[in-house]
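Going by the order they are written in, the chains are A, B, C, D and E; count residues from 1 in each one.
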Amino acid sequence: AAPKKEFKLAWTIYVGWMPWQYAAETGIVKKWADKYGIKIDVVQVNDYVESINQYTAGGFDALTVTNMDALSTPAVGGVDTTALIVGDFSNGNDAVILKNKGKLADIKGQKVNLVEFSVSHYLLARALSSVGMKEKDVKVVNTSDADMAGAWKTKDVTSVVTWNPIVEEVMIDKAARKVFDSSQIPGEIIDLTVANTETLKDNPDFGKALAGIWYETLALVVSQSPEGKAAREAMGKASGTDLAGFEAQLAATKLFDQPAAASAFTKGAEIGATMDKVRRFLFEHKLLGNDAKSVDVVGIELADGKVLGDKKNVKFRFTDTYMSAAAAGKL
Amino acid sequence: MRMINRHPPKGLVLLLALLPFFLVFLTYVTASAIRLADNPADKLLPALSSIADAIDRMAFTVNARTDDILMLVDTLASLERLAISLAISITLAIVAGLAIGLLPYPRALFSTFVDTFSMVPPLAVLPILFITVGLGEAAKITLITIGITPPLIRDVAMRTADIPRQQLVKAQTLGASTWTLTLRVVLPQVLPRLIDSLRLQIGPAWLFLIAAEAIAAEAGLGYRIFLVRRYLAMDVILPYVAWITLLAFMMDFGLRILQRRAFPWFADARASA
Amino acid sequence: MSLIEVCNVWKEYGDTVVLEQLNLSIEQRAFVALVGPSGCGKTTFLKMLLSEELPSRGVIKLAGEDLSAEPTADRGVVFQKYSVFPHLTVLGNVMVGAELQSQSSAGKLFGRMFGDERQTALGQAHELIAAVGLSKAEDKYPAQLSGGMQQRLALAQALMARPKVLLLDEPFGALDPGIRADIHVLMRKLWNDRTLTIVMVTHDLSEAFRLATRVIAFDRRRNEPSDGGRYGATITRDLEIWPKREPTALDAFKSGRDDPQPLSDELRDDPAKTGMGP
Amino acid sequence: MRMINRHPPKGLVLLLALLPFFLVFLTYVTASAIRLADNPADKLLPALSSIADAIDRMAFTVNARTDDILMLVDTLASLERLAISLAISITLAIVAGLAIGLLPYPRALFSTFVDTFSMVPPLAVLPILFITVGLGEAAKITLITIGITPPLIRDVAMRTADIPRQQLVKAQTLGASTWTLTLRVVLPQVLPRLIDSLRLQIGPAWLFLIAAEAIAAEAGLGYRIFLVRRYLAMDVILPYVAWITLLAFMMDFGLRILQRRAFPWFADARASA
Amino acid sequence: MSLIEVCNVWKEYGDTVVLEQLNLSIEQRAFVALVGPSGCGKTTFLKMLLSEELPSRGVIKLAGEDLSAEPTADRGVVFQKYSVFPHLTVLGNVMVGAELQSQSSAGKLFGRMFGDERQTALGQAHELIAAVGLSKAEDKYPAQLSGGMQQRLALAQALMARPKVLLLDEPFGALDPGIRADIHVLMRKLWNDRTLTIVMVTHDLSEAFRLATRVIAFDRRRNEPSDGGRYGATITRDLEIWPKREPTALDAFKSGRDDPQPLSDELRDDPAKTGMGP
């Protein structure tokens, strides 16, 4: 692909990705794009799955996505994808919730409502294995996230696995008991900003601009100054809640507001172990392709250059290049 | 010669009818080939062979994990939901439609209400639907029913009101009560027209079925489509869409046949009206 | 006592007076033809006789009693159109005239007859169908019949219910002249053979004079456009036909055509059967 | 007296028409009170006062952040999408419908294709749609258009074919070409009937609009409903649904008026047919 | 030379022969009435004259030339129903007969006329509308007219296009007898005043004999049901009316009614105007 000047990033409403919206609205995006002489279009997509599909089909150059979905759809779909910003990991934002039952083990035999093949599904699998159960011990019912809060109110639904803000919404109910959440598997559900590897290779400025925008905005998000508060309030409103609601969600998120920390996490050893668990989960659910013979069909390159799986078919890469540059102030 | 008088020769008619399908097919194959040349793992427009594989996997291979044929299970689940909701809708439409079309009191009571109700977008009030009927089969059936019953009622009421006043007077002069008049004069004339309305609602019924199955389900054609959409498995989605289209087409065809067989008088009567 | 008594009847729609001050009595077995310009209220009058409309003032009595407030089986009717049921065969259309009246539980619950009751009715139906010359078409639906055949069917259907009075609103208005002549013969025959009192609205004067025992004309006496509907029509002429027609005088009656054809199963208006010569 | 002949007195008619609405209202208020007594924070059936607050917030308060009134922005965005798609659909329906209904060659080519195409559930092919036309306004407009155009085309084609053959022959004996015949004889007779078909498609059009806005939009009535649905904010959803219903009702009403005003001959002609 | 020549024409639908071996020539200014039993192929014959159907064998010539393969403006037509356009007023319906033929660019592009062209046509239209007695109804739509007025409008519309031949398929079949008589007078007047050749199908023999200069009857010569449609109808009679009717002989013509009324703007079939006395 030839160098180009105009780029599109798709984002969806989620606490860890709201900074993109704020950055676009307040001109931070334009500032950095101008600096590198490019144009970046930040597009909100309501439907998360659709945003991934669009990116996979080539409609976008960059995308906000979780580590698992980045592997299952674009990477498996042959779109070489690089995670250039590790934004945060879920630290309680995703949870298994039971109705009137206090122990995770009580889930046995129940119908569990969740978005099938999503990080919720993964969280359930991890939760079950923590108490020695298998997926066969429950019955998974695919339920759309938009309807999860309403679904919880019905008699038929006794357990759900979902993410924020729906978790908060469900927990308002007196009968709701959180029996497992992502803080028990820290660092495994990672929210990324990814870009098409080829585009990135030909246009490193695009990556630099994204990193620049991201960390300038995050500084505001975590700031205790009035500007910071105003920013959080705006992001809360835009995601359909208020300041308090937004801050509650932030609290359950391990946000890497410092590029150095993000870079360190990316280079760390845990991420390799996490990705291995994730790809095994996907393989078991036939999400690495129907004819995948082993977990190794798709290669995952880690920040240190090590590759999980097929070295000749690397489609998903972690890199600390841009985060490190941000940390070093070289953007 | 004027275009209006220029008729294609017999042999050409079938060919012409097939031409647009062929062009769509060709466009697909070409576009797919182009994308696949660029990225062999592309999922958006899979090659025909991948689609064939997917069909084989979904429709002709017993699924190891669940021990059944997925497409069969999905089809049966969806058709059952459709059948139940259509049965309920038809019953409601006949009862309410006849009452509104025929009897002044029910008409005064319900006609504005039904007209208004038919404008409410059902998808927007799903949460209320959930607390009323739960999340199970009942919710799906209710959604489809709510979606298609109001237009059916309106149609039946309109068709009932269309029956010439003279026939109702005539029946009364023959000694009919409101009940026997409904049973012997009005209902038999409304039924074949109900089939017309029903044919128009087949499309919406499928639409609501898919929407309902997208919300919460464990099987069904719409469920599968939305599930595999998560990882852009167009090789599954496309055959499912084709299959749904075929099913809808067959239902339409079946209704047309039913109308002809069950109401032999109707075609002539309509033509001479 | 007259069969029908119309005493000082007015009919108004809002401010518009359609009919004013009608007084009329009709004898048993009369064949009354009602004529008058379009829009003068003939149909409105017939509707009042049917109880489909109520008089604004005045009363109408049938056999000495006030008319019931809604149509009943003592008054039969044939309209110009829509008199037969399109979803029933010829036989079904005639049978329904008996079935809807049946007082058996099957009749009240389903409007159908079973067993002996049905057999008796079937006999009568076949007879009536034969009388109107439709025996060969018993299994056909109305849409498969010509206009003339449909009107004959409507007559048979109305007669099946054994009304005291038969009301006809331009029953033959849409028929071709030749076919009309045939049906006139039939009309007279039916009137002759059964104890029937007939009130028939027609636009066609010659039809009125050819068939009826009495011709009544409606018209507005004052007809200034400036009246703006403040005056209605009323009876302007009332002629007894002379020589007086009696029900038995059938043989003396001639159809209006030069070569009246005998009434047979094969009338001219059967689309399948028609033959003609100049 | 038979039920069929029993008419409610004039004064009662309006009262009877309002009764069902009142009952629904009463049911809501009661159910809401019961739920709120149980849990004052319940969001599913908010009290009327909460709904009034939400209406005030959404419809009568200028949003500080964006400096506009949310409900107004949403309404304008949605109506614009609807208007554009309706304009496109109507144009397509007229062109394709007239061609299919009138001209033997286009009929042979397209009628089966349109029939088949109208059976494809548009919601199921969303991914393809979005990828073909992108996620912008075009996608939403395309979804609505794809959803309602095929039935419109079928209807126009049917109505065109219903024009008595005699009229077409007559026009030719008056010297009409195919084009002037279409313009002066067929189109003016099809237009008022198109309004009838359009009225039937208003419901589906809203449905597709909401579905499209649920996937990608930054404003719009359907967007807002889906956005706040995650938080179960029924105090916002309910007024929005009522507003959509009202808008749909007004569109229906407007079309009826338009039909009467623009085609004064139509009511009589239809009654006498 | 005759205006219309029908040479050995056959018409078959699949295996069914509808018409066989027709030979006929019709002179300029003839008024031909076509009679025959229902289903014998009268309409089919008219359709061939219109080029709506093509003969299976044989040729039809108009003014010495083979008929064009589709309907054209040299042959006008009035059907029993659907002859006028419901969306145009009386004036619009008549004007359209000129507008659709206009060779100006507005005419070809929009089927409309402007300026002088329009004024000339308007003059002719008003004249024709007056001739058929509809002047007072110029702004009404067909649905607001009675059946008789609609057929008169259809005549005016057809004449506006100045056809060489006027083809009528049971044009008055659905009208009431009194109204029919009036329109017969009009028909003869139009035929008399304009250079018209008329071919009219009718079911009504008296109408045929009253109006036409020549009556042609179609019938099947062999009529065994066992034939199963292997034989079609053909011309069985061809009568010149005697005394010979000439276009100028109008004064000698009397309507079929006892009191022929003068043709005026206010014909009997105007729903708004009707007045009648016995």
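Worth pointing out:
Keep this in mind: a contact is a pair of C-beta atoms (placed from the backbone, for glycine too) under 8 Å apart; a residue touches a chain by one contact, two chains touch by 3 or more.
Values in this document were obtained by computation on a predicted structure and should not be read as measured data.
Traced through touching neighbours, the fewest hops from chain A to chain E number 2. Among the remaining chains, those touching chain A and also chain D are B. Note: centroid distance chain A to chain B, computed from Cα atoms, is 38 Å. Look at where the CA atoms of chain B average out and do the same for chain C: the two points lie 46 Å apart.
Separating the centre of chain B from that of chain D, both taken as means of CA atoms, is a distance of 18 Å. In chain D, the residues that reach two or more other chains under the touch definition are 2, 44, 126-127, 131, 172, 177, 181, 229, 232. Multi-chain contact residues of chain A, defined as those touching 2 or more other chains: 53, 57, 147, 149-150, 153.
Each of the following residues of chain E touches two or more other chains: 70.
Annotation, chain-chain contacts: A-B, A-D, B-C, B-D, B-E, C-D, C-E, D-E (touch as defined at the top). Contacts from chain C toward chain D in the complex involve residues 69-70.
Looking at the complex, you find that chain D touches chain E at residues 164, 166-167, 169-177, 179-181, 183-185, 188-189, 263-266, 268-269, 271-272. Residue ranges of chain A in contact with chain D, taken from their complex: 10, 13, 43-47, 50, 53-54, 57, 59, 145-150, 153, 165-166, 169, 172, 174, 234, 237, 240-241, 245.
Here chain A touches chain B in the complex through residues 49, 52-53, 56-57, 72-73, 76-79, 113, 115-118, 139, 141-144, 147, 149-151, 153-157, 287, 290-291, 315, going by the rule given at the top. Within the complex formed with chain B, the chain C residues making contact are 50, 52, 70-73, 75-77, 79, 81-83, 85-88, 96-97, 99-101, 107-108, 110-112, 141-144, 157-158, 160-161, 163.
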